[in-house]
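Below: one structure, written as structure tokens.
For reference, chains read A, B, C and D in written order, and residue numbers begin at 1 within each chain.
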Amino acid sequence: MLKVGLMGYGKAGQAVARVLADDPRYSLQWVMRRQPGGETSLPGHPGVPVAAMDKLDFDDWLHEHPVDAIVDFSSEDTVYSYGEALRSREIMLVTAISGYSPLHRHYLRGIAQDTRVLCSPNITLGINFLLLAARLLRGIAPFADVEIVEQHFREKPEVSGTARKLAESLDLDDDKVTSLRVGGIVGHHEVIFGFPHQTVRLIHDAIRREAFGTGAAYALQVLSSQPKGFYEFDELLLTAIREQLLK
Amino acid sequence: MLKVGLMGYGKAGQAVARVLADDPRYSLQWVMRRQPGGETSLPGHPGVPVAAMDKLDFDDWLHEHPVDAIVDFSSEDTVYSYGEALRSREIMLVTAISGYSPLHRHYLRGIAQDTRVLCSPNITLGINFLLLAARLLRGIAPFADVEIVEQHFREKPEVSGTARKLAESLDLDDDKVTSLRVGGIVGHHEVIFGFPHQTVRLIHDAIRREAFGTGAAYALQVLSSQPKGFYEFDELLLTAIREQLLK
Amino acid sequence: MLKVGLMGYGKAGQAVARVLADDPRYSLQWVMRRQPGGETSLPGHPGVPVAAMDKLDFDDWLHEHPVDAIVDFSSEDTVYSYGEALRSREIMLVTAISGYSPLHRHYLRGIAQDTRVLCSPNITLGINFLLLAARLLRGIAPFADVEIVEQHFREKPEVSGTARKLAESLDLDDDKVTSLRVGGIVGHHEVIFGFPHQTVRLIHDAIRREAFGTGAAYALQVLSSQPKGFYEFDELLLTAIREQLLK
Amino acid sequence: MLKVGLMGYGKAGQAVARVLADDPRYSLQWVMRRQPGGETSLPGHPGVPVAAMDKLDFDDWLHEHPVDAIVDFSSEDTVYSYGEALRSREIMLVTAISGYSPLHRHYLRGIAQDTRVLCSPNITLGINFLLLAARLLRGIAPFADVEIVEQHFREKPEVSGTARKLAESLDLDDDKVTSLRVGGIVGHHEVIFGFPHQTVRLIHDAIRREAFGTGAAYALQVLSSQPKGFYEFDELLLTAIREQLLK
């Protein structure tokens, strides 16, 4: 059973912690929050400590609380605190931070010379499948009109990163992305392929943040059978699909 | 059985002619096209002449081919050729021209002093219900976010008149209307009401132009029980709904 | 500001408590749970006590903690513990219990002789609007084919009560209701009206349980302007719509 | 430019004829109807004869009107009239008949020893993509709940063949297919993948029969670069996708 440590205890982090703690394939060893305060163990899981990462020596911590993989839902710079420790111990990394700069990514690629690193801004299985399926259809039907529509809660400030990635991956201009902000929609993405006499719609609806946890669990599983290196989620999915197609 | 004459024999006119000719409540007497040429009777209905309106004296024509109602799917100015004849004969008018100017509408309101006139740019039952239902929900939930999305075939040049009317009737700015042009979609209109914890979607899909015929047939039926005057489709629907609610 | 007491502190009750505590129109005075244990005040709202209803004398409690309205999300029999107290004090009641027997309803109608009582199994604004809008369209287009589709999480045992109520209210046989159980869908209801040349879809998506809270808050507001009596949610909505239509 | 002959001139056949006649990649040489009568050339395309296949010697006909490919939208037994002629001349065949018996298919496989034969009951690009995409997602997420919903016009007698093929190809029981018959819907297929915290929907909407023509045109193009043999549409699509994935 894979031992996992989780960085980040915000809304997404808490949801991921709940999913990983309940997944029989993994043993969640600890959760790391930024600042001290609040609960010291995961609610409902008294054996899983929630520790504060400030002032912590990460090397010592890993010595006492060893893991096979780290899942990161904290923030951009956290990776600098644990990166070196991964290299020497060959700990896998699944990170879902969306705001990495090119510098961060350069650093992550460095780590990936010594261990397996997966880095993806949207780590749900459904969205990554949508990405792939849309790319396949675009490839076989380049003549179809394509539109991307995303709908999110009123407060979401800008175009969803996922919609931007979809557009980029389909080689579409930004004006092919429509963003609607209505009420409390958790996350709706739709890719519409318009043919002269038929329409294909690929739709993803996020229900709740726990979807990130399921995605992280899936990523850990696929990543664990790969060689050292740097991966993105949709690439791993593609690998899985390639294997399936060659059967 | 109501005797009906149809002005207009373009794509919409032909579809409306087929529907009216098959509706047991009506007896389609004739169809009027702009220019001579082509078939002289409705395909499959040899008893229904298709005549050319140029050089025709409309008064004489009506004397020889009397009707109780005229349905107009031709173009803006046609109304001037038959308007006076309606007044003296109290012939009902259902007109679905979308491009009337204020001057045209003024003229139509004049006719409506002597007979029943229904004038609506979109005459399908479904769209007019959508208009009404959206207005009702907006009235009881003014705090909900509202977005209008319309999807049509690639060649459709501008924002759909229906979507504009929806926005106007809901007192929404134009930027709340999204127009997507994809493939060969006949006509898709969606009004999304976003609440913090729920979403309501009202959706209309046009399948084919015959929907205008069903709408005209419905309009004729409701109009025939109304007093003289000028009506719009959604108003008539509202009247029908009021009666239903007071039962 | 209306003083409100809430019966029930299960998953729905907790969500309703959060919404009512944050609504500036209301002042949530207390929450009542069945059994003692757990937190003694609403998280984030230390001034709102969470008390246990067992062994409590409800009349004494109301004397010390007076309210203008009670909202009930607990279980069927709770109403017997506070019913008489409502009558003498003319406290409004909004109850969203779905399992009331005819006996319970008889008792509630008795209370409604002395005060205002609203009783509805599904108290969200959206679902009740769907009910009404579907009924209106059915009334003006009785010839359209109608189908109801509901989709819920895998574990939901039987046909949704809302779908059954929709069918009943549209005078449809049970075989016109399709229930799909897939993954973790919170609650999706769709009424499809099929016309020969067009389709109308009325769709409701629940996002989270807090929708019950918004519905209860809306119900309290409309109920407070009504005379004594027994009401259902869709009736109140109809009243609001009638007033809107007569403007 | 590929010379094409079309068997069948029913509703589907006529739509396919229009599409092939307008496609610059192909030169439609002739159309074959079952019985004599009606127009003798394709409307709008005076150079394309419409001939009757009864009493015709097909070998003579092909000698005088040679083609590189035959597209068949007629009925099951027609294949016996032209099958041998294909073998000797290495004419490609794209047939979209849905009612072939095992005997017919055996005969077609025989022909495929000498030329390229594509045989598929649903020949639209969109539906075949849906088949493939659904199979891929099923492969990488076998734990997801899957439901198939198809909606068609009121008169369609039984479960759609496409829905049945989808279910079979996803290894789902028949009770996972819901068939709704409402109004005049041309053809709506939806595959729903339910995950605990997200939902993926793959949706295909047929707009009009010309979609078969676009599908046949696409099939001809892909088939022409394949070696001799027997193919199904989704297989060809899979080949195209494999090539794309290996790039």
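Heads up, the rule we're going with is that a contact is a pair of C-beta atoms (placed from the backbone, for glycine too) under 8 Å apart; a residue touches a chain by one contact, two chains touch by 3 or more.
It should be emphasised that the depicted structure is a prediction, and the values quoted were computed from it without experimental measurement.
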Interface with more contacting C-beta pairs, comparing C-D to A-D: A-D
Same vs different contact residues, chain A with chain B, by half of numbers used: same
For chain B paired with chain D, centre-to-centre distance based on mean C-alpha positions, whole Å: 38
Centre-of-Cα separation between chain D and chain C, whole angstrom: 51
Chain A-chain D separation of Cα centroids, rounded to whole Å: 40
Residues of chain A touching at least two other chains: 183-185, 193, 195-199, 207-208
Chain C residues touching chain D - in the complex, by the definition given at the top: 144-147, 149, 151, 154, 178, 180-185, 192-199
Contact set on chain B toward chain C in their complex: 124-126, 129-130, 132-133, 136-137, 139-141, 193, 195-211, 213-214, 237-238, 240-242, 244-245
Interface residues, chain D side, partner chain B - complex: 183-186, 207-208
